[in-house]
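Shared between the two complexes below is chain A, which pairs with chain B and chain C, respectively.
Here is the complex of A and B:
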């Protein structure tokens, strides 16, 4: 990736963001209020958190379709651990996140040990994890969490939603890992050319295993935040989250073919998606109408980058 | 990655019988599983093999088998379509809307096929010419179709369907028409895949696109055609789905794309492209339908069905990968 092509994509994205924000501000005077912006930050935290490890996953040339199902499974288990097994809530929270990590580890093992393509491996676990969530919950939801638990999803710290702090902290950590560490360099190397990476002494399988496990852990964390935000657990939680996450990552300039991408790009892509959703909602488009736009944006974003890269550095 | 197609496995076996097993191994395993399931569950709960239940298993799920035929071709050519569930929902709604608004029945039957082929050709063009991975195109298409359908119709029920329109309720020799569609289309598609040049080219493209190109196959054009054929089967599946009850809910059947993909993958269509048959995918669709039905008769909550689906895909894929290693 040359500096020029990098600047070109970031510039296009930045320009797009400004245009979208401008248009949306024109549509509704409620858009540029502090309350609305902070609320949007609250709403995008779960997708945003999962988008961070997904950036790593896609940079390695993989994909993880099971994140939404992991979120649903962890949410259900949080309720089961706390309500049905009577564990203290903090323990239940940690266990739910650990289960997310195990689910991610299983994805990673299927992909690295058995060489199953990530697409089909995570499509299978998408069904499996969602099925476990449905089977365990039997369509029953768990409510009645103690007040302190809602700080995570509904509370504020220094006037900013708690989960937005968490997202910012994790985004900085993710950016540092990807940009500054050998692990980050290995991630790019695996995606750019797996065989070359193997020959240059990178432990490709371990790198992938860690990344998919990370995606599971973060999906578990997102589940805990989700439950805290909506005050209940349901087995259909997080259905279709993978679409929002992948859209944000791809829109942020991460190549679906692997080898390039940045956390900053993902964050910009995330803001763009959320701004679009919010703006459409404010101008009266219902929830189902917005997913049409998200789908269009996903296809158009890749269309644009493909046309660019064909003219440019390839 | 996908260089090792079925050829070496087949040449290893000698006799006609052994060769048949080698080629159709997966199909025999699934057939055996279906027979075993019917015997065991039928023994525990005799009503499982009653005519009513058999009709509901075979006729009620024929549309999944039909959709899985097209999906198998797509996967064999090395691509995937995760939007097929939404597509069938949209096409069924189109058919029903036309039928209740007084359009001739044949238009209500043909429209979903034509629209289906147009949409999937567009997907194919984006995949083949613009080189966007099929998973991304169809993930986007999934939300466009699903969101578009629900925001236009609000998920309303379409009622008062004209009786002539309900083709899935017709019977021939006492057998419901969906079963005939399933059998007929499977046989035609299997012959097409095996004996026509275009059918063989689907395997070639999936096995190694570059080699296929060198061998003179127009990979881009064929890919669009494969997706168009997939749209044709999705259109027929949508008609069978739309006409099996007296009403159509204009929404997307939950998880339908996964069920269709499961049928293809479990039926022996290799996820790496290049191998598989549509006979297998039809058998797998029946197997999965029978499993779903048997859960009810064995008093297992239907909420577990989705995990069974996931495990089935995983088991098949892992077995496939293990077998490939064995061949190497």
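Here is the complex of A and C:
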């Protein structure tokens, strides 16, 4: 029953996506070219990667506003570890991702141990992590990475951008965890009724802790890809990424109140946002206009979800 | 039915009258063609077991629910239809609920006049508001209650007076009181009864809901009994006695109602030695044997549920020892409790027991996901067949395993929770208010299941507020009060009188003093 109503929502979203793609293709002949599509895949990889753990976060009824700041912090630390501390670049990459995981773990600890609402906790760490990033960077940027490093963000494997492969693999893993495993079940149960989950012997705190840590780790990975793509490290990287991520997740049908959502939905939501951004830009719509359209689509999608849940609920 | 009542000096038209009122929720008729009326200056007691339809009836009267088509509600002889609680208030009907609905950070006067404060032009007239609040409270014989006090700092009894004053400030002609004495100490109960009499003398009509028989005989002019949503009868208080009311409420003798099967009692399974949790559970020692149903009786707040939560690891014991099959165990979380074979069917089904938004299948497997999965991957086929088995074994009336739990009736929801815990194959099953708010048919099904499980060697602890249920189902009865065990009875020696007395009297002052103390 629940699965069927999810699919129904995703079917609507998929239909919406096809309509949007069709309309945009009418506007510009550059839109439906292989080069453009692959390039868009490259551009949405970072937001897409972070949207995967964010789906878990929002299904538990939480939110993580700090992911953009974690991205910035990890990007800076990647440069600092390599350039200033002289560590080998692969080690610096791993350490940067580990720092992301620690930042996420701290979010999780604040939320589970001290019972701070996720919105407040991650609003605080959004400022905290960004402040750290800026303090560490002192407004200096790091450049001059070796060529092999750019494979991650600028290279291709079998003709497809490297980071798109990474996104696809992670999306499949995330979908499997959420859909098939005990951990996925715990995630839904915590979001739908935390008390009942606890009373059923589900380790609610551990579930949340792992999810927020995962969000941090993936934000760290996104930071490494981001740096590789733009060839430089700056402390303001990833500013506002959290909003793009949340938009994609919510557009994909994940309920902001928790308990419902799928990875497939998130992926469709992500593609829809990216297609709108790109297509409208190619059609000559200014950036401001694009934001307005994305806002409208988001509201429409939420209204549609509400209609569905009203029909399907007992 | 009301025509038989000629003894009262009532005026011709009742103040409020319900004719042929029914109410259906999700296909279940919880109120069936009920006639009911209240007269000016009358205290009309409303009686019935949990789930009899009392609260639905008063929610219809106070505008929260709309009755089904075909019924009629009149005020002063004129038909009315309330579309919102505000309409009922405007018609002069006010309700004082069990859980008081006041703003703790506002003063007494502000709470009384919230929404209809006296004004001078645009501004609130604070002096007038305080003066009128004072007058109302003096009227309620409460000259000691300061109108400028913060409501959050008041005792339960005083907050209740504020609530009554608030109702009167809106010119209530009918006051509905839902178990107003449930959490009051004796002295406060007497004072409340005086207030009710005073209101009656002023011509206010009162619907009084209580489980305490002495209060009903002390106060009421007439009494109406509901059972399973149907009207059983309305009688002048002089024509009934205690026993008559109970048999109207229960409708059958206790032996018929509870299908108790005696099974051989086996070896001790669970043993508690001086177990305490803070001051909520104090020094509990007991032995529970296989096949035994141990009933725990006590008033709300007596520590019954707190004891269950301690055994189940939600609030782990702060001192004492717990033994399972003779081995000492530590239980720090529900997860640990579950893993060693303790199951808990909680008091609040909707909040603690079920994930209503999920399917029966997902609910039934929730407590044993790790056991039906390999390498963390849940075995969906096994899970579905488990859910189908549960539906068959527990007689859950549902379309199938994929139906959402929230769409089931209360009794079937409870069976899902029970199925979830029985699936974990526990040694000890704790059931907290196992039949609260479910209809009589489902109730006896749950009771039969309980006996069957005990017959299979499960050790059962049953906590219940319904004395007949405790007496009817238990092999042994433990009475709690103020967090302590005050008495135990064997099935043979347990009568309503002695158990009821142990619940309310012995140590009662202790428990109540604690409640009054924790009120602010």
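Please note the rule applied: the second predicted complex is superposed on the first by the 287 of 314 C-alpha atoms of A that agree within 3 Å, B and C clash if a C-alpha of one lies under 4 Å from a C-alpha of the other, contacts with A are read in each partner's own complex, and residues count from 1 in each chain.
What we mean here is this: a residue touches a chain if its C-beta (ideal position, glycine included) is under 8 Å from a C-beta of that chain, and two chains touch if they have at least 3 such contacts.
Remember, predicted model here, so these are calculated numbers, not experimental data.
Asks: Just chain B (first), just chain C (second), both, or neither: which does A:250 touch?
Replies: Only chain B is touched by A:250; chain C is not.
Asks: Can A:197 be said to touch chain B (first), chain C (second), both, or neither?
Replies: In the superposition, A:197 contacts chain C only.
Asks: Could you tell me if A:259 is touching chain B, chain C, both of them or neither one (first, second, both, neither)?
Replies: After superposition on chain A, A:259 lies in contact with chain C alone.
Asks: Would you sort A:182 into first (chain B), second (chain C), both or neither based on which partner it touches?
Replies: second
Asks: Name the contact category of A:125: first (chain B only), second (chain C only), both, or neither.
Replies: Touch partner of A:125: chain B, not chain C.
Asks: For chain A, which residues count as touching chain C in their complex?
Replies: On the chain A side, the touching residues are 1-2, 180-183, 185-186, 188-189, 192-193, 195-203, 259-260, 313-314.
Asks: If we count contacts the way the header does, which residues on chain C are in touch with chain A in the complex?
Replies: Touching chain A: residues 26, 314, 333-335, 337-339, 344, 346, 351-359, 362, 365-367, 369-370, 373, 376-378, 402-404, 406-407, 420 of chain C.
Asks: What does chain A use to touch chain B in their complex?
Replies: The touching residues are 63, 110, 114-117, 119-121, 123-132, 134-135, 137-139, 235, 240, 242-243, 246-247, 250, 256-257, 285-286, 288-296, 298-299, 302-303, 306-307.
Asks: Would you mind writing out the residues of chain B in touch with chain A in their complex?
Replies: 80, 82, 126, 130-133, 135-137, 139-144, 146-148, 150-151, 255, 258, 261-262, 265, 271-272, 301, 303-311, 313-314, 317-318, 321-322
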